[in-house]
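In what comes next, chain A is part of two complexes: it sits with chain B in the first one and with chain C in the second one.
Take a look at the complex of A and B:
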């Protein structure tokens, strides 16, 4: 069996191990590959920079699960860090997954450890069942959620004072593992709110048309967007730390694809020549 | 290097190794234990949240604030369970019909506006755009839209100009699928990186 034929039948475990090595080395010894900022990511940053900490409040719809890993989690962490740094109050709620409140609590625990105050600086309203209908109901009456995850009455939380409908929030951002159509259908278009979305990398191409049409004002997709956002905020965090490894992983996969294709066409040519010779 | 003494970090990392044992070795009891722990804990968490929701949104306002109108959704919800009793199983269709009706009614009109009309308006680009790059982007977008729509034009014979446009549409879709696949690879790498960060960072303290 020639080298090219062997390339067609590489044991997938070899590829896994090579990938693990390619990802691990830059994690332990970062290279510092420069990052370009995407206009969709900068748009989110600019919106938050434009908010007034004295009066503006932000709603975060936390619709992602632990299964999506860091690809879903780093974006909300970066945005919440920016909100906290600017002193902008925010409220979280979940419509798309029952895991949302738990993921929010992870972020809140870190903020509380640094002195931020639950109820005053932020609140977690938990999970509201009903998906699209629930989004619509909450948009029309934000106090339809009776209590938050800690059992406090929603209408008595300091951060919720003056909030009646979703239009009372200066900015709404959804963090999910998919696309934000239900928000666009039920809230963004009918009520005209300022809306952005953070999602996993795989869903970004499906959201770009909504960014181009202006229905979504900003998009963050996965670890790379979070890394760009962290650098915009001058606070490199987990996203930025992972980008070298991510780039090395991409290079290795490109190499595999190129080698695999070279092998395929060379073996195909050899077979064609043999067939022509017969 | 400072290995974590937190038991949850250990459990987390052991479960990561358990899940990796499937692709790197083969199906084995270690993998299945970790998989079942994950499925079980997810199911348990979802049940806990569901019970909390029933109490928070249903029973508490109904009994403590006397919101009698909540009896209707509570009864409809209970009717869903009549499917377990063959004699009255037909009753479960009523709440399902209600849910489907409300869901479809809520979605259809909004989809037309947001995903058909507003997207069509956005596709009508003015030429030329302020910059050369934006003009090229607009042209690619417009040609892509028209050629892909032509590809799915089944009522006209695929010959001549229509065939050319259709072929271009097929290429446009292939490029789109390539972009989608690239994003899938990137997303999966991010998930793997999260696990490596947990191993090298949270567990071994090397980062």
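Take a look at the complex of A and C:
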């Protein structure tokens, strides 16, 4: 097998090992490549910066599971950190997956360890079955969930005082592994709420039409957006730490694609020349 | 009757849902508006049915895996682990609900999830990076014009989406943004509108009883 043919057929195991090295080294020794802020991420930051900590409350729909990895988990952590820093109260609920309440509990555990108070600063209303219908039902009557995950009555939680319908929340943000159509259909368009979404990177192109139409006010897509958000808040966290690794991983993949194509064209040229000579 | 009653229920419910989106006034004789009828009586039912389906799924899971274990079918040990986890989780959660003051039980409830299930699921997702790298290398070959356009777009989006792209050339993020905002959005909107029209037609067929797959009867 010639060198050019080899370039087209590199063993998968070699790619795996090189990718592992490309991802690991920046994690061990960060390079600190500067980040540019996406307007969709900046929009989420601006909305939260514009909220009034005295009266505004935020609803977070936590519809992701560990199955989507850090790509889904880092964005809500960054946004909640911003809310906590600004002293804005928030309530979490899950419609899309039964994992949502557990993922929220992780974020809450960290906040409680730092002195924030459950029930007063935030609450976790758990999972509500029914997906699209549940979203609509909750939007019309936020007290249709009788208790939170800790067994407290929802109507007695300090953070829920004055909340009757979803319009009583100043801002609603969904964190999911897909696209926010059910929220747009059931709540955003009929009730006119301020809504943004956080999702995995691969789903961002599907959400862009909703952002450009104004139905979704901001979009956070995966680790990259979380990193930008952390830097906007001047609190570099896990997202920022992962970005160098992502850059190196992408560069390696591009390198292999280019090498594969060079091999492909060289072999093709050789075959064409041989065919022309015969 | 086995066909007619479900078809009638489907028709009436679908009609209420459709009309609730386009009418506001009270229904003559009933004194209630169509949107209220939907939101007060039909929408909550969906939540009940969804909750019930979770129970049904659990029962089904127990039946299928108990059979696997009793017949010692291949890989029955996994069925045993699954049922064991289901029982432990169910019993533990019930205990917490009955004894809400036991904070140790509540905090330990998350242990299996946080330290076994979650790392396994995250690890599985992370493995995709390796498969995607290998698959991209093999699939992205400029064999024809369409493949070349796909290849060029993929490389430009990858470079624009990562910080290193902006360092190499400041225009990479601009090009990536244009690709996402214009060609991507045009295609996405066409898909969305096409899917919406298709869904409407499928709903209409179900409502009118032309499509009967959901009843287990088969098509028209």
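The criterion applied here is as follows: the second predicted complex is superposed on the first by the 278 of 278 C-alpha atoms of A that agree within 3 Å, B and C clash if a C-alpha of one lies under 4 Å from a C-alpha of the other, contacts with A are read in each partner's own complex, and residues count from 1 in each chain.
Please note the rule applied: contacts are C-beta pairs under 8 Å (C-beta built on N, C-alpha and C of every residue); 3 or more make two chains touch, one makes a residue touch a chain.
Everything numeric in this text was worked out from a predicted model, so none of it was measured.
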Partner chain in contact with A:146 - chain B first, chain C second, else both or neither: first
Chain B versus chain C as contact partner of A:214, first or second or both or neither: first
Which of chain B and chain C A:24 touches, first, second, both or neither: first
Partner chain(s) touched by A:129 [first = chain B, second = chain C, both, neither]: both
Which superposed partner A:249 touches (first chain B, second chain C, both, neither): both
Chain B versus chain C as contact partner of A:37, first or second or both or neither: neither
Partner chain(s) touched by A:69 [first = chain B, second = chain C, both, neither]: both
Touched partner set for A:165, first chain B, second chain C, both or neither: neither
Touched partner set for A:16, first chain B, second chain C, both or neither: both
Set intersection of chain A contacts, chain C complex versus chain B complex: 12, 16, 19-20, 23, 68-71, 98, 102, 128-129, 133, 136, 201, 204-205, 209, 212, 224, 246, 249-250, 253
Interface residues, chain A side, partner chain B - complex: 12-13, 16-17, 19-20, 23-24, 27-28, 68-71, 73, 98-99, 101-102, 126-129, 132-133, 136, 146-147, 181, 184-186, 188-190, 200-205, 209, 212-215, 221-224, 238, 241-242, 245-246, 249-250, 253
Residue ranges of chain C in contact with chain A within the complex: 39, 43-44, 46-47, 49-51, 53-54, 97, 100, 106, 110, 113-114, 117-119, 121-122, 124-126, 129-130, 132-134, 136-138, 140-143, 151, 154-155, 158-159, 161-167, 173, 180-181, 184-185, 188-189, 192
Residues of chain A that touch chain C when the two form their complex: 10, 12, 15-16, 19-20, 23, 33-36, 65-71, 98, 102, 105-106, 128-131, 133-134, 136-137, 140, 144, 150-151, 201, 204-206, 208-209, 212, 224, 243-244, 246-254, 256-257, 260-261, 264-265
Touching residues on chain B, where the partner in the complex is chain A: 23-24, 42, 45-46, 49-50, 52-53, 56-57, 60-61, 102-103, 106-107, 110-111, 113-115, 118-119, 121-122, 141, 176, 179-180, 183-187, 189-197, 200, 206-207
